[in-house]
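In structure tokens below, several structures.
Below are two complexes that have subunit A in common, paired first with subunit B and then with subunit C.
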Partner chain A sequence: MVLDTFLITGLFNVVMLIGLALLLHLQLGLTRIANFGVVGFWGVGLYTFGVLYVRVDWPFEDPIQFVVCAVLATAAAGLCGLLIGWLIADLDVDGVLVGTLGFATAVAILATTEQGLTGGARGMGGLRFPYDSGDVAVNELIWLLVLVALVAGILAYVWLVHRAPYGRLLIAIGSNEPLARSLGKPVTRTKLGLFTITSALMGLLGVMYGVMVRFLEVSSLGIEVTLATVVGLVVGGSVRVLGAVVGVLLTVGFFDIVIQSYLPLPAEWYTQTIPLMREVLFGVALILVLVFRPLGLLGHMRRDRLMKRIHGG
Partner chain B sequence: MSETANVLEVSGLRTGYDGIAVLDGVDFTVGEEVFAILGANGAGKTTLLATLARLNPLMAGTVTFRGTDTSGLRAHQSAGLGVGYVPQERGVFPDLTVMDNLRVGGMFGNRSLQERVEEVFTFFPDLKRKLNLRAGTLSGGESRMVACGRALMQETTLLLLDEPTAGLSPLYVSTFFEAIRRIRFERQVAIVVAEQNATQALGVADRVMVLSLGRASAAMAASELTTERLKHAYQI
Partner chain C sequence: MVAESGTAVRADLPHRTMPRARLTVTDVSKSFSGRTVVDVDSLTLGDHPIEGLIGPNGAGKTTLMRLIMGSLKVDSGKIRLEREGRREIELSRLPAHKIAQSGVVKSNQVITDFEGLTILDSLLLSVTPARREHPLHLAGERATYDEHRAAIERQLDDFGLEDSRRVALSAGEKKLVDIIRCLLLRPAVLLLDEPTAGLPGEVTRKVMDAVEKLAADGTTVVIIEHDLAVIWRLCAQVTFMAEGRVLLRGEPSDIREHKTVVESYLGQGHV
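== the complex of A and B ==
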């Protein structure tokens, strides 16, 4: 049985945001890099892929065309991560926040103004799945499963990072950067490496999204993606691996799937009221969590328990 | 003491913050010994130690560690040479367990991590029972022990201790200074300790230097430091 297209799209967004929140967990939750430009890196992947896939006359067909464009788009997002990471490396939290937000804004402006490449405000079509089952709903379902596999891979990576010396180093840098430096840790290089890899993966998630929607709109480069990612992560608990998963499920999942799919809301609400209501509810959820449970619903990292499980004692 | 025996040589050091010098014209050498830096609150002890660890900028002068000029190095490069730094405050990573804090220090050196951890326990046996606790839950004294233990995990040959006993109970103070004395002899580590607690510091120090009003006195044997000189430095 093939799922309803609306539900597939909703699930796709939830899974994609879980992936973004997991990557932000590594940046913000562990290393305290306050990246508020998630949508910028995601958008670089999305638009680079779209432009390469649609505008370039490749000498080969799908799926090789998709793979080549996806790899290049991911690399472009990673390169942006390297550049932005280098620029913000020595800034305090406020500076990082403004710098990354500025980058995301620049990406949105570039996508809007470069009409020849991106179609500007009119958007750009021509994207398609790198396979064809003959049924759009089946294609979408398969793509959703591919995304689930990708995000499961990201989850496994994050889980491993928590148990590895690398994770220890990220937490150390996030807790006290000068102290980590004084212990001989290559702080800047570690932060740059992390930011590059996570930004590249954010770009890859943008690629996945582009194929799913098959039409690029500059409106998708607004603050909503970043906001949903940050809210999900903070609500769930930014220092816990599962915080990203639980937080996104309880916010985006609950609103986009449960409320929109199963509540009998008036049809006219879907154009303006629901998107606004979504932002308001996310804001309220964020405030309530910050006031009553500042470390998120899953609370503190409880690394002591984790280490006890791993090493005994 | 011959020149080659010097672990640390500081010459014409000027350092401070935002272009404003806190200390100027500081010269001293440290051999295989415990070297105490005394001074009142605000005398520049923390600034000096952070500069020696290459966390603060060097505005003038040179710092040479075991024959290598570290003046142009960054903190992590200096640490790689064997300079261990234990800050006065925020000396542990609060979200990491005690064991993880020790492991973070174990990046350099040839000996196994386990061997080094066991060695830390010989100096600070209390840590053995707290290994899986988050460092953020420890008392002030226990945190200092973790920070000092972590510096030892680095296979440090020069240990910079910034007011290691500030705010601690008398019991912890004597325990800590006893550990410093043992580290000095059993690990053969040169130790520079900045302290306000002159009595305790002089009890373990071989030589001493006093900071006052942005200048440093000439280094002297701990036994040569007179009460008058100390009173003057502390502006009593």
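== the complex of A and C ==
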């Protein structure tokens, strides 16, 4: 079997972004929390994990060391979600946008300035897979499969949420907070809970990424992750379960895998031209969708069909 | 001011010996940008099954109800809820969702709806208990519907709402769904803000029948209504508000005696 590292890395990014977009779907699509700091929560997971794994002298070996660090990093991201969620709880959409974007910026700045811990702009190595098959390509493939399992779990969760009273509560809160309150629903607590859980899982996806690349770079904390997540979700349709999947596949998947792998592009393009082209194409895709199909390719939520399927009639 | 007339209850409503929930409003005031919109010294609601709240546009009726159900906060004063066998609750210190949980519910004058949710969703939402809305409780949908199916289907039938598996379309439908949501909650206190405005006459009658039934079962009902015929017919006690204050209070006949006062605010032909 020929294992193409380039393809595996590309697939890994696509699957990871599908995971992030699914989590953003719960936040933005259902609950209308406009989180533009996805990379911040992902980055807290990534860097907390990296620093704990590399800098701390643990009394145990992998895979326990990995599990402990991953759990702590996930918890750290969740804690950030709780804190930021509490700060933005009563803000309007603009406030939420600025607040979350500001948080992501703060994370990037901290990762850059805390050189002693993070390696700063030089980056930090020392991460590794919590197992070793003897072949890096095989290790990467296994890690990709672990990620696929995790994201499949997230997808299954989102699918179930749509069919549970919890999902209805999220939609109700997203649509009309005062009305939900007047029916006795604890709006703030529900939003905080959701934001904490989804932020934690974004952090866990950051952990997964850290192990895959095995090198922390502050450049990964820029706008790209958030942009790709938002573009994917909005293009696919932010209110449908499969919107995140379809959207990310059609944007990131199409560009990073199909175009980059199968189009004979000149090698010197890869450093500057392609990343630029990518941002431009994503921007154009976003604008086209917002103009011609504001709800994304998959469109409306279709609760009518869902209710019929669940309750008959 | 008309003295409170005590225990008069409409003869044709079944009496309940058990006292119903009472709301006490004490020295409550509310201003918007310096203009006082509600200024009520003392008002007790709930000594009668159905009470009316009337007054001209801008009198502060809706604002008073919103202060009671917590979607607005009082500037000063207290609003308390007394229920048989329970500790008195100071509503004006609670967040809106806790007020609703303690049994005080309001239907809305302005059309409000959950965009994207079907009629059935909306009704199920109001009856789903908190434990089933937990992020890790993902299997409670069928059970919730099964438990409340009879009540929900009966309301839908009564009000002639066909096919609940779709979003409410007209303003009238949304208004009706808003009212049914409240009815399903079987509240201790039901505040109705112009429940019949925008509904066809036949539906209005059905709503009023349902409200009377709820009141007979022990709910304290307070109605704001511009159609005074409805008020005179249903209410044992009527409060007349103008410019944020309670001007008159008493049985319908007492209020109608003050023809000049009422007509000076509401125009002729209302009393």
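Simple rule for what comes next: the second predicted complex is superposed on the first by the 312 of 313 C-alpha atoms of A that agree within 3 Å, B and C clash if a C-alpha of one lies under 4 Å from a C-alpha of the other, contacts with A are read in each partner's own complex, and residues count from 1 in each chain.
To be clear about the criterion, a residue touches a chain if its C-beta (ideal position, glycine included) is under 8 Å from a C-beta of that chain, and two chains touch if they have at least 3 such contacts.
It should be emphasised that the depicted structure is a prediction, and the values quoted were computed from it without experimental measurement.
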| item | value |
| --- | --- |
| Joint occupancy of subunit A by subunit B and subunit C, clash or fit | clash |
| Touched partner set for A:S175, first subunit B, second subunit C, both or neither | both |
| Partner with the higher number of touched subunit A residues, subunit C or subunit B | C |
| Partner chain in contact with A:L127 - subunit B first, subunit C second, else both or neither | neither |
| Touching partner for A:K185 - first (subunit B), second (subunit C), both, neither | both |
| Which of subunit B and subunit C A:L22 touches, first, second, both or neither | neither |
| Contacts of A:I84 with subunit B and subunit C, given as first, second, both or neither | neither |
| First (subunit B), second (subunit C), both or neither touched by A:V241 | neither |
| Which of subunit B and subunit C A:P165 touches, first, second, both or neither | both |
| Footprint overlap on subunit A, where subunit B in one structure and subunit C in the other make contact | 165, 168-169, 171-172, 175-176, 178-187, 239, 301, 303-304, 307-308, 311, 313 |
| Contact set on subunit A toward subunit C in their complex | 157, 160-161, 163-166, 168-169, 171-172, 175-176, 178-187, 190, 193-194, 197, 239, 300-301, 303-304, 307-308, 310-311, 313 |
| Touch list for subunit C against partner subunit A, complex | 69-71, 95-98, 100-101, 105-106, 108, 112-118, 120-121, 124-126, 128, 130, 132-135, 137-142, 144-145, 163-167, 181, 185 |
| Of all residues in subunit A, those that touch subunit B in their complex | 165, 168-169, 171-172, 174-176, 178-187, 239, 301, 303-304, 307-308, 311, 313 |
| For the subunit B and subunit A complex, residues of the former touching the latter | 53, 55, 74-77, 79-80, 85, 87, 90-91, 93-97, 99-100, 103-105, 107-108, 131-134, 150-151, 154 |
